[in-house]
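The structures come next, written out as C-alpha cells.
Shared chain: chain A. Partners: chain B in the first complex, chain C in the second.
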Partner chain A sequence: MFFYYLRMAKISMVKHWGLSLLMILAIGLGIGAAMTTITVNYMMSANPIPHKSNQLFNVQLDSWDVNEPYFDDGRPPAQLTYRDAMALMDARKAMRQTVQSQANAVIEPEGDDSIPFQVSARANSADFFTMFDVPFIYGGPWTRQADESKEQVVVINSEINQRVFGGENSVGQTLKIAGFYYKVVGVIDYWNPLPRFYDISTGAFNETEEIFVPFSMIAEEKINRSGNTNCWKPSGDGFEAFLNSECVWTQFWVELPDNQAWQEYNDFLTAYVQQQKAIGRFERPLNNRLLNVMQWLESMEVVEDDAVMMMAMSLMFLLVCLLNTVGLLLAKFLGKSGEIGIRQALGASRRDLFYQYLVESGCIGVAGGLLGLLFAYLGLQGIDSLYGEMTRGLTELDATLVLSAIALAILSSLAAGLYPTWQASKVQPSQQLKSQ
Partner chain B sequence: MNEIALIFRALLRNKVGAILISLQIALTLTIMVNAVFMMQERHAQMQRPSGLDEANLFYLSNTIFATDYNQEVALRDDLELLRNTPGVVDAIQINAIPLSGGGWSMGLQTEPGENQSSAGVAVYMVDDHAIHTLGLELLSGENFAETDIQWRESGTTRWPAKTIVTQAMAKELYPDDWQSALGKTVYISQTQPIQIIGIVRALQAPWNGWNGVERSMLVPYQMETSNSRYMIRTEPGRRDELMPIIEKALAQSNKGRIIRGLRTMEETRERSYRGHNAVNKILTTVVFTLTLITGFGIVGLAMFSINRRTKQIGTRRALGASRSQIMGYFLIENLMITTLGVVIGSAGAIGLNIWLVNTFTLSPINPVLVVIGIACIYLVGLLAVLYPARKAANISPAIATRTA
Partner chain C sequence: MLSMTNISKVFQTDEIQTHALRDFSLQVNEGDFVSVTGPSGSGKTTFLNIAGLLETFTSGSFLLDDINVSGLNDKQRSRFRNEKIGFIFQSFNLIPDLNLFDNVDVPLRYLGLKGKERKERIEHHLDMVGLASRMKHLPSQLSGGQQQRVAIARALATHPRFLLADEPTGNLDTHMAQSVMSLLEDINTKGTTIIMVTHDNELAKRASRKIQIKDGRVSELDKVIDHDIDVSPQAIA
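Moving on, here comes the complex of A and B:
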C-alpha cells in the first residue's frame, strides 16, 4: 500500500504543482535557515576534548580589586597573576598541571639567504602536551626536569618543521628563536581543538600556536609574551616588578582524575587563598573556581550573542514556514473533500485515508528537507564568505548535522501535516456524495 | 456594514485557515520589526566617525629580532625615511591602532587617590606628528611640542606631564562644560598628574564594542619595544602605490627586523565591523524571504478558497453582484485576517524585543518601527490578495447554471 500511496502522492503533487512547490520551498528555506544557524551554534558549543573534558580543570582565583569585581556578575578574573600561578605550579598538588601564556617570536633559519619570520608561540609547562593530548609526529614533550632547569627546548608544529627543516625528523636539531638557540624535542601533528579551550583570552576560535617553549622563557626574558593583560593596581618599574604585580595574564590548568582529587585540590586552593589573605592580598571574599572544560567554556560564554540571536530568529523563521505549510496543506486536503467522500463510500477506512495523506505530507517533508540541506550548505558558504577567516572551522556540516536536518524536515512536515490530514479523514461521505 | 458582518460570519466557518495565516502574519511582523531594529542599531554603530583620515592611512608592524639593535636611533632613522618619501604626508610610531581590537586602556580621574572614581580611556603613545598624520581636528588648545616627546623605556609605569584628549573624554571628566577641561590637571594611574593641553574632535578607541569607544588620549611618548607599529598617511590616491615601496624601503634599510602586517585603515574598519555587516546581510535576507513566503502563503490560500467557492461566486454574480463587490469581499476578508495577525504580531514584536533586551542587553525598540512594520504587512497582504481577488471577480455568472 505504501508504494501505491506514494504514487497517489506524486499524482496529487504534480496536479497542484504550484502549491506543492511553494510548500517544498517554504520547508526548504525554513530548514536551511535553521540548519545554518544550528551548525554555527553547535560548532561553537562543541566539546573540544570529549574523552577527558571532565578531568581537565581551569583554575580561577579572585585576586582582584576589593572595590569592584572583575566581571560585573561577580565571576573572578579569567586569568591568574604570575606569582599565584608560580606558587600553584611549585606546590604540584595536582596529577598534572600547566601554567601558560601566549607569546610571539621571530625565527631565524640557518643559511644566509633564508628570511627570518614571525611565529605565534605558547610558553607552557611540560604537562601541557600530555594533559591536552597533543599528537606528536616526531619526538615528544620536554620533561618536567627541563622546566625546572630552564632548558632551551622547543616543540614545533608540522608547518614550521616543513618550512625550516623540510619536513624531516628534526628532533635534536637547533632552532634560533628570538636570538636564542633552542633544541627541538618534538614535532606535533595537525592539532586544532575548537573552541581553543586552553586559552580563550584572545579569541575562543583562534588557531593553535606554531611553537611551544618552556614557560620559564618569559621570566628569563628570552621570549616576548603577548595576549591579554589586565591590571587593577599600578606596579613598579621594570619587568621584575611586573612579574610580582597584581596583573593577570597567565592561564593555569590542572588534570584531576576523580571527584576526590577535585575536592582535595579545591581545598588546597582555599588554603592557599587564606594564607595569601593573611599577608594582605586577596581582599575580596573567597571566590575560587575550578571548572572543567565545558563548564569553563560555558561560564566564559564562548558562544557569541550574535549566533544565539540568529538561531532564535531562524527557528521562528522555520515556524512561519511550517504554519505556511499547515495552511496550504489544509486548503489542499479540504479541496479534495469530494474525492475523499467517494473513497470512503467505496470502503476506505479513516485510518487508510489518514495514512495516505500522511504519506503525501511526508513526501513534501522529504523533498523540503533535501532542499533544506542544499540551502543550509549555501547558507554556510554564505556565512563563510561574509565572515572570512573569523568563522574558521565553524561552518562545516558533519554527518550528525546532515541526518538531523533530514529528521528535522520530516518531523516538522509530518507535524505540519498532522492536523490537515486529520481534518481530511474526518470528511463526512454522505454530505460529499449528496452534493455531487 | 451589513456586508462586513456577513464576511465575518463566513470567515468563522473556516476559522482554522484564517487563524493559521494570521499567526503567520503575526510571526512575520514580530521577526521583521526586530530584525530591522537590530540592523538599524548596527548601522548606526558603523556610521560613527573614527576621527581619522581613513582613506589615506595604512600601518605596518616593525618586529625587531636582532640583539644589537639601537631602537632609539633606528626609530629616528625610520621616521626620517618615511617622512621624506615622496607621496607620504606624515608618519608616526604608535602603540595601538583604532578599531583594530587590540590596545591599551587606563583610567583618568579628576582627584588623586586610590578610591576615586575614574573614567576608562584608550591610550595612544605618539609624537608631535600624530595630529597631522592621523588627520585629527584640534578643537582647542595646542599640539605637543617637539620637546615634550619622551623616550619610554619598556616596563616603565611613569607617565608624561601632558596629554591631548578627545572631546568625548573631556565631557566624561567635566560633564558640565567639556571646554573647561583644557589646561586642567587630571590623574592617571591614580596618583600621577597629567595636564590636558589640547582637545581633539574625535579619535576612536581600538575596541568598537566598548561603550566608551569615543574616549581616547594621546600621550607624547616614543616607545622602546621589539614590536612597534608605524602609521603612515599618504597623499590622496597614492596609498596603494606607496605601500609596497615603503615595505621594501624599510626592510632594506635595516636587516635586524621584519616589516610585516601591512594593512590599510579601510581594511581595519571592514574587519572591525565584519560581524555587524554579516549579521545585517543575513537579517536582510531573512526578512526578505520571510515576507515573500508569507505573501505567497496568502496567495495560495486565497486561490484555494476561491476555487472552492467558484460556484458560490458565480451564483452571487448571477444574482446581480458586481465585479467590484466580489473583489471587495476578498479584500475585506484579507483585511480582517491581516488585522488579527497585526494585533498578535505587535504584541509579539514587543515581547521579542523585551526578551532580546534582557538576554543580549539591546536597547528597547522604537515604537515608530512597529507602526512602519504594520503598514508594510498591510501592504504585503493587499498585494498578495490582489491577483486572487481579480480572478474571483472574473468568474462568469454562467458558472452558476452548471452543475458541479
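Moving on, here comes the complex of A and C:
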C-alpha cells in the first residue's frame, strides 16, 4: 500500500498545488534556517581528531596572580610561561610532548627576480607532527635530536612548496627564512583540523600555518613569535627577561596512551607546581588542568554563545513554521472529509487513512527538506560572504548534514502531520457521505 | 443473513435527545431486493448507515451473516464493509481527483488484491456499466447517470453480498433513473442482496420487498413478490 499512498499523495499535492507549495515553503524556510545555524554549530563543535582525541591533552598550570584569577570562573590560563613549558619539555614525562607558539616570518626565495613574502609560521617541537597526525607528501618531521641541537630545519606546506620549489620534492633543499637558511625536511599535505584545536589562542578557526620550525628558533631569535601574550606583572627588559617572565604565550600538549599515563602525568604536574611553590611561584591554589581535545574545546567555549543562541532561535523559527504547517495540513485534510468518508465506506480503516495521510505529510516533508537544503546552502553562502575568513570551513554542508536536513524535514513534517492526520482519520463517514 | 432486533439509535446533544430508530427489527434474506421508503427524518438513512456498519447503534442486536457486529473493532468493521458490503449514494460520492479506473480501484486496494486481478476486475465492472472506454476520465467529465454507473461498478468490484443504495436515483432524471434501476434489478437477479432507500414509490414497487420506516420504526411491510418475510410482532413493532 505504500506506493499506492505515494501515488495518492502525488495526485493530492498536484491537485492542491497552492496549499502544498505553501507547506513546502514553510518547512523549507524552517529547515533552511535551522540547518544554516546547525551547520555552523556542528562544524564548530566537531571533533577535529576523532581517532585520538582522548589521548591528546592540553596542559594548563595556574601561575597567575594570587589576587586575581585568570578567568572569572577560576579556570587557569590557557597558555604556559616559557620557563614552565621548557621545564615540562625537559622532564619528558609523557609519551610525546610539544611546546609551541605561533610565529611569522618572511621567506626570501632564491633567484634575482624572486620577491620575499610573508608567511604564517609555527614554532613547535618534533613530536607535534606525530601527535597531531600531520600528513606528509615528502620527507617527514625533524627529530627530537634536531630540537635539542637547535638545528635550522623546516617543514613547509604544499602551497609554499609549489610556490618556492614548483611542487617538486624539496626535501634537502634550503629555504631562507627571516635571513637564516633552513633545511627542508618535510612537505605536508593539506591539513586543516577544524577547530584548530592545538592553538585556539589566536582563533579556533584560523588556517593552519604555512611553515613549521623548531621551537628553539624563537629563543634563538631567529624567528619572530606572534600570537596571544598575557602577563600579570612586568616582564622586565630584554628578550631574555621576557623568556623568564610570568607572561603566558606558549601552548603545551602531551600524548598519554591510557588512564594510568594520565594519572602519572597529572601527579607529575602536581609535584612540579609544589616544587615551584617552594621557590615562591604559583601562589594560587593548586589548579592544574589536563584536558583531552574535546574537554579542552568545551572548556574554552569554542562554540560561541552567539552561535548557540542563533541556533536556538532558528529552531524556534522551525517550530513556528511547523505550527503553520499543522494549520495548513489540518485545513487540507479536513477539506478531504468527503473523500475520507468515501474511503471508510469502501473499507478503509482508521489506520489505513492515518498511514495514507502520514505518507502525504512525509512527501511534503521531503520536498520541504530539499527546498530547505537549497535555503541552507544560500544561507551558508550568505554567512560566508558576510564574515569571510572568520567562518572558514564552517559553512560547508557535508553528507551528514544533508542527510540530517532530510531526516529533520521528514521527522518535522511527520510530527506536524500527526495531529491533522489523526483528526482526519476520526472523520465520521456517515455524516460526510450524506452531505457530499 | 441480515438480522436487526430491537435496534435503537439515539443521537445525543447537550440538550436534545433524538431517537432516530426505536426498537427497529428487520430480517433480510439472501437475494432480497428490499426497498425502504418513508418521510424525511424517519430514520431511513440511519438504518442504512447502521446496516452498512458506518454507524453504531445505541441498543439492540444486529447480526450480519450470523456475526454480532456490535463486538467488532474499527479494523474488523472496515474489513467486513470492504468484503461484504457495497454502497451506492444519491450524490454518487466518487473521489473527484481520481479517474474512473482509480475510483473503482479504491475498495480493491483495501481488499489487498494483486495488480493484475484488480485491473481485470476494474475493467470488467466498468465494461459492465458501459464505461470501459472512459476509464481515464475524471468524474467531472461524466453525466450524473454515468457517475452513478461508475459508483455501481465500484460497489460491485469487491463482489459484495449486500448492496446498500441510498436514494441511488435521487439526482437523476427519469430516463437515467430507470436505467440505473434496471441495472440494480439485473444485479439482484445475479444473487446480490439489495437494500434501497428511495422516495420514489414507483421505483420502490419494483423491489421484491417493500418496507416503510416511520418515526424510527418499521411501520409497514408489503410483500410484493413471494418471499419469506418476517412478520413477527418484534419485526413489525
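Everything that follows uses one rule, which is that the second predicted complex is superposed on the first by the 432 of 436 C-alpha atoms of A that agree within 3 Å, B and C clash if a C-alpha of one lies under 4 Å from a C-alpha of the other, contacts with A are read in each partner's own complex, and residues count from 1 in each chain.
Heads up, the rule we're going with is that a residue touches a chain if its C-beta (ideal position, glycine included) is under 8 Å from a C-beta of that chain, and two chains touch if they have at least 3 such contacts.
Just so you know, these numbers come straight off a predicted model, no measurement behind them.
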First, second, both or neither for A:L386, with chain B first and chain C second: first
Partner chain(s) touched by A:A178 [first = chain B, second = chain C, both, neither]: first
Partner chain in contact with A:L286 - chain B first, chain C second, else both or neither: neither
Chain touching more of chain A, residue-wise (chain B, chain C): B
Touched partner set for A:A407, first chain B, second chain C, both or neither: neither
Contacts of A:L323 with chain B and chain C, given as first, second, both or neither: first
Which of chain B and chain C A:L378 touches, first, second, both or neither: neither
Overlapping contact positions on chain A, where the chain C interface meets the chain B interface: 436
Chain A-touching residues of chain B, taken from the complex the two chains share: 16-17, 20-21, 23-24, 27-28, 30-31, 34-35, 38, 63, 65-67, 115, 154-158, 189-190, 226-227, 258, 260, 274-275, 277-279, 281-283, 286, 289-290, 293-294, 296-297, 300-301, 304-305, 307-308, 356, 359-360, 404
Residues on chain A engaged by chain B in the complex (per definition of touch): 18-19, 22, 25-26, 29, 33, 67, 104-106, 108, 116-118, 178-179, 224, 234-239, 241-242, 305-306, 308-310, 313-314, 316-317, 319-321, 323-324, 326-328, 330-332, 334-335, 382-383, 386-388, 390, 419, 423, 435-436
Residues on chain C engaged by chain A in the complex (per definition of touch): 45, 49, 52, 54-55, 74-75, 78-79, 81-83, 87, 89, 91, 93-95, 97-98, 106-107, 109-111, 154, 158, 166
Interfacial residue positions of chain A with respect to chain C in the complex: 1, 4, 11-12, 15, 338-339, 341-352, 428-430, 433-434, 436
